[in-house]
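Below are two complexes that have subunit A in common, paired first with subunit B and then with subunit C.
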Partner chain A sequence: MRQEFSERVRKENRIAFFSVIPVFLFHFLIVVLPSFNTVYGSLTNWNGLGTKDFIGFGNYRELMTDPNFLNAIGNNLRWMAMFLVFPILFGLLVGYVLSRVEKGRVALRAMYFLPYVISAAIAGKIFAAFFNPYFGINVAFESLGLDFLAKDWLAPAHALVSVAMVDMWHWWGFLLVIFMSALQQIDPMLYESAEVEGANDIQKIWFITLPSIKQTLLFIILVTMVWSIGTFDYVWVMTKGGPGSEILSTMLYKNALFKYRAGYACSLSVFQTLLAFLLFAVFGAVRKRMED
Partner chain B sequence: MKKVLILTLVFVAASGFVFAAGGGEDESGSVIEVASSSTAEGNIAVQRQIFGQLIDEYNAANGTAYEVKFVGNQGMDIINTRMSSNDKPDVFLLDSPADVHQYASDGLLLDLSAYAEADGWKDVLFNWAYDLSKSDGKVVTLPYGYEGMVLWYNKNIMKELNLVPEEIDTLAEYEDALRKAQDAGYIPCMLGSQDWPWAQEWYLSILYSYTGRDLVKAAVEGKASWTDPAFRKTVELYKSWHDKGYLADGKSYVLTSDDAINAFSNDKALFKLEGTWAPYWIVPLDQADQDKIGVMLHPAINDVEKPHMPLAVGGMWVVSADTENPDVSAYLLSGLLRQESQDDYLQQGMDIAPMAIEASRFEGLAPVVENMWSIVNGALANGSFGYTTWAFYPPETRVYLYEGIVNVLEENISIDEYLKEMQRLNEKELAGGFLPVLPSAH
Partner chain C sequence: MTYKKTIGRYTTFGILSLIALIQTAPLIAAVFNTFRSDGSIKKFPIGFPSQFNFANYAKAWVVGGYARAFGNSILVSFSATAVVLLASLIAGYFLVRSQLRIRNFILGYFGVALSIPVFSYLVPLYYSFSELNLVNSLFGIILIYIAINLPFNVLLARTFIFGIPKELSEAAIIDGCTTYQTIRKIIFPLSKPIVTTIALIVFVATWNEFTLANTFLQSPELKTASTKYVLFVGERGSDLSMIYTAGVITMLPIVAAFLALQNYFIDGMTSGSIK
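Showing the complex of A and B:
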């Protein structure tokens, strides 16, 4: 019996191994190998075309004193802060309400999810038109007497927040679906028991909902932090990372492809990766501590 | 059986992953890929047709069976990526002489000297253009599609404001026109860089060039400084226009390039600043809308320089050093210098070859386009050209030039800080091996 069991485990392991191999190979060839090249590139003065001359840590030293780099990190952190609050909170609250709706839940969920399937290039262009000072949302604000809201939304002072709002509009529906899946796993008996005990809605959310979806929530927080470091599409489409909205990825792109500074861009890329790893590690430690 | 099935599925999946990108047709040898940065469909169609005709001629004369695969939308970001990989096009377009020099110094371009000599490029091209075709003494590029910055105006608004374009030559006259337009409720000068940050450098190309062409050349070459008081005064002037709302109501970096075109073509702006490529959107307009558009050189801003046209080449055709078909690739480039090829470009509103074009070729064009070429050719004949930023400035300095100016306009940094940073970047790029290639403007 025991021998039969271990034979079966071995067989399942083999199947699992062979199933993973193609993806592993693909990942190794497309991601891991080029990553080594990027790390080496970051130690050179490569212009993106010709030979790579080794310059040690020169690019990293320059990074530490580059005001654009410090500004870009600041913008990435602001971006992350916005994404850690608004879409998660909104997705969670609407998910909680929707999970209690009996009729039309699927239709509503599909509607909220819809922005997620629209490409960044299209949504970015459409919202850039909405932000037009002559015929966009400013006209609507002014006609409603809300003149104080009629601003140059894509000017440097507001550009980052404006673009983030668009990306959050695209992103929150995805979070909603994830949260709803998690919420539907919660045993309704828990809520019924709480009601019998006289718990109000806030207490139910705090003592039942949040602990029950803790793993999902932690995963979303982690993903949000890591993706905030590498975000690119909406910013590039809407502002090209111009003044006020320069982030690490747009800075990397410009250095690699417009300034002939691919080596410097590689060092930015390595920094982004290390930052993501650092966040991952810190988050893992915090989570472990919470679970303990 | 189950095991075999699973392994088969795994193998199929692995094959799909690994070979997904490698399933293209074998195009080596007989297909010449021509890559252009053109994005407008009409421009792509014209180029595809011209290269198609040239390859047909070549095949007929040589008994070969080459095909041209023409690909548009291949901007510098894409070309840079492709040229650092094994997916190099045979013939492609670079943005500027600065890009050509970068590529040539990395050995990525075919030496075209023998072809240029055989086909007489030196006799056909303008002298300045032929000079730009060389890097390290060898011909490595065909500068193509010369372009320059000009000022477009609305004739109806001019008339309404009792302004005469020919009498707007000086800074005082220009500012007077801007003020009158603003007072009458028009946008004085339209410019939109929100989706096209490079639009800021259109105006700066003019203003810096007007500050003093010798000074610009010396600054780029490291013999003068961007912190020179003359540049400071020029940036102050630009900022004052922004602050007064003369430039797109002070929203030039919030409006898009389409906003700028729409406002101008819908009689909301007196002037629109754009280069000689503007016919791409002027030619498709209704005749009545075309007729209300006029073109002029930007007025002078000081006593140092008279009105002139900051000049650029619209693109630099080059051949990859790795091409398997150098002869036919070079043949395609030489073919672009034929007089009859210019007809198609002119009709489409595209830039033409930097060479003397027969006067009859300009007949029958939209009057505003014909007038534009008359101004451009007149400026060239007088040697009256300056330097556009995108053709001649070091790349990092150039990017800072148009991004940093927005911070100046927003008062996030001072003019002195802006110019100091430009100087720092220019010095750094020269020290890093950037070789300036500016033709003498005199």
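Showing the complex of A and C:
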């Protein structure tokens, strides 16, 4: 009996092993193995097609003196700064107000969330059409006498901010939903007892709402920082990272696929990953301290 | 007091509605422009159409090659969704119920894999796939979509199956079911809610995906709907009525699905990020 049982367990384990391992291996081969190859490729002068000649840290040394690279980092940081402020603040504020409205809540939430289900490829190109300097919203601004708003929105001087605005339009509704579900977890008794004590709205937000959603808020801040380093689709679709809106990812993409400098692209990728990891680690530590 | 409260409530509702209007205005203006002529859009970019004529749609559908592009999107998204669904439920089941020693390793692996960004593997993967003739191949992009959607959904399925009482699958095994019969007859039927969520997450993610599709599918006849649209705008950038119309055609299926299944979409697309 006992032997029969352990025989059965062994058979079960075999089935489990041969069911789980292929899933793991498949993912490993397509995602993780190439990631390791990226690290090796970054140490070579690989052009993508031929052989990889080992050149040590040559690519990294070149990065440090590439003005394009420094410019791209600056743009990623500007991007991050915008995303850390506007969508989070707006999502939180509107989410807070909306969660206290009964009528129309579901419909309003759906309208705020709608852009999030649309592909960056479509939204980006449609907005680019509206940003057309001659036939876009500028015509409307001029006829309304708002000439100061009639600019070439995707020209180098404004491109990064314009693209970020479109991406934030698409993103903040998602944050709103996340914040609303965090707000729902707050025990209404807390607010009631605060009211009994004579607290006003601002005090309620500061002493009850914010501390209660601290975990969610810190998580969103962390995600925003890491994603801002790797952001790509809206920028590529709208400007291809042209002058004024070059970021790390667009620079990497061009080197990898158009300039035949795959090795150099790999070093950008390693830098990007390390930077994201560093932010993750530093802010993770800050977050831990704030949560305790 | 009540009077003041009512005023306040209306003001709040008014502001919230105004924000909703501004949020959707670009899309509404785009839809209006699909019924206008190129000349009238160029005269003034925003405007109510004078007639509702679907001629632009018919033209954009044909010129944009949308029958083919939607066919590609449907094939890619359905295949990736089906495989991810099956693999997630099966792997999820064994990660909960089996006594495998490598179980914790696999769990940790997928946990870390969740946060691997596209650009950390894109370059070598592109050139390896190129050597394997998997660039410019729908099969190739399906393989990638399956892989990148596995970690999150395996973990999601695992969490769900964890909540299914152990006694149910044990009873099935005592009744003589094999492991896979148990999965098929007990786990699948009980997993309907998570099946819906996973299917929605993978379908929407692959349908809308840009970076990988743009990299791995370069020939026009293989492009998915949204990447085809980017190509279309590049080629016919001067005809604004076509740009707006083709854009609306491309986003129509997903927007219609969202409006019909709002709650599924919102719950699905935010699942996992909410604690």
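Observations on the model:
Everything below uses one rule, namely that the second predicted complex is superposed on the first by the 264 of 292 C-alpha atoms of A that agree within 3 Å, B and C clash if a C-alpha of one lies under 4 Å from a C-alpha of the other, contacts with A are read in each partner's own complex, and residues count from 1 in each chain.
Basically, a residue touches a chain if its C-beta (ideal position, glycine included) is under 8 Å from a C-beta of that chain, and two chains touch if they have at least 3 such contacts.
Predicted model only: the values in this text are computed from it and were never measured.
Applying the stated clash criterion after superposition on subunit A shows that subunit B and subunit C collide. Legend: residue contacts after superposition of the two complexes on their common chain; A:Y191 is shown touching neither subunit B nor subunit C. By the touch criterion stated above, A:L25 is placed in contact with subunit B alone, subunit C being left untouched.
Contacts of A:A155 after superposition on the shared chain: subunit B is touched, whereas subunit C is not. Touch criterion met: A:R261 reaches subunit B, while subunit C stays clear of it.
Of the two partner chains placed by the overlay, only subunit B lies in contact with A:T239; subunit C stays clear of it.
Once the two complexes are laid over each other on the shared chain, residue contacts for A:F207 go to neither subunit B nor subunit C.
Of the two partner chains placed by superposition, only subunit C is touched by A:S119; subunit B is not. Between subunit B and subunit C, it is C that contacts the larger number of residues in subunit A.
In the superposed model, A:L49 lies in contact with both subunit B and subunit C. Within the superposed three-chain model, A:I15 lies in touch with subunit B and with subunit C [touch as defined at top]. After superposing the two complexes on chain A, the stretch of subunit B that clashes with subunit C is 3-11, out of 3-11, 147-155 or 399-407.
Across the two superposed structures, the residue set of subunit A contacted by subunit B and also by subunit C is 15, 19, 23, 26, 29, 48-49, 128, 132, 134, 256-257, 262. Within the complex formed with subunit C, the subunit A residues making contact are 9, 12-13, 15-17, 19-20, 23-24, 26-27, 29-32, 34-35, 37-38, 41, 48-49, 94, 97-98, 100-101, 103-104, 106, 108-123, 125-130, 132, 134-137, 139-140, 143, 169, 173-174, 177-178, 181-182, 215-216, 219, 223, 226, 230, 232-233, 236-237, 249, 252, 256-257, 262, 265-266, 269, 272-273, 276.
Residues of subunit A that touch subunit B in their complex: 15, 18-19, 21-23, 25-26, 29, 45, 47-51, 128, 132-134, 152-157, 238-240, 242-244, 253-254, 256-262.
Subunit C contributes residues 9, 12-13, 15-17, 19-20, 23-24, 26-27, 29-30, 41-46, 87, 90-91, 94-95, 97-100, 102-103, 106, 109-110, 113, 115-128, 143-144, 146-148, 150-151, 154, 179-180, 204, 207-211, 214-215, 226-227, 229-230, 233, 240, 243-244, 247, 250-251, 254-255, 258-259, 262-263, 265-266, 269-270, 273-275 to its touches with subunit A in the complex. Subunit B contributes residues 3, 6-7, 10, 13-14, 17-18, 76-77, 80-81, 83-84, 102-103, 105-108, 194-195, 197, 251, 253-256, 259, 263, 395-396, 399, 403-404, 406-407, 410, 412, 432 to its touches with subunit A in the complex.
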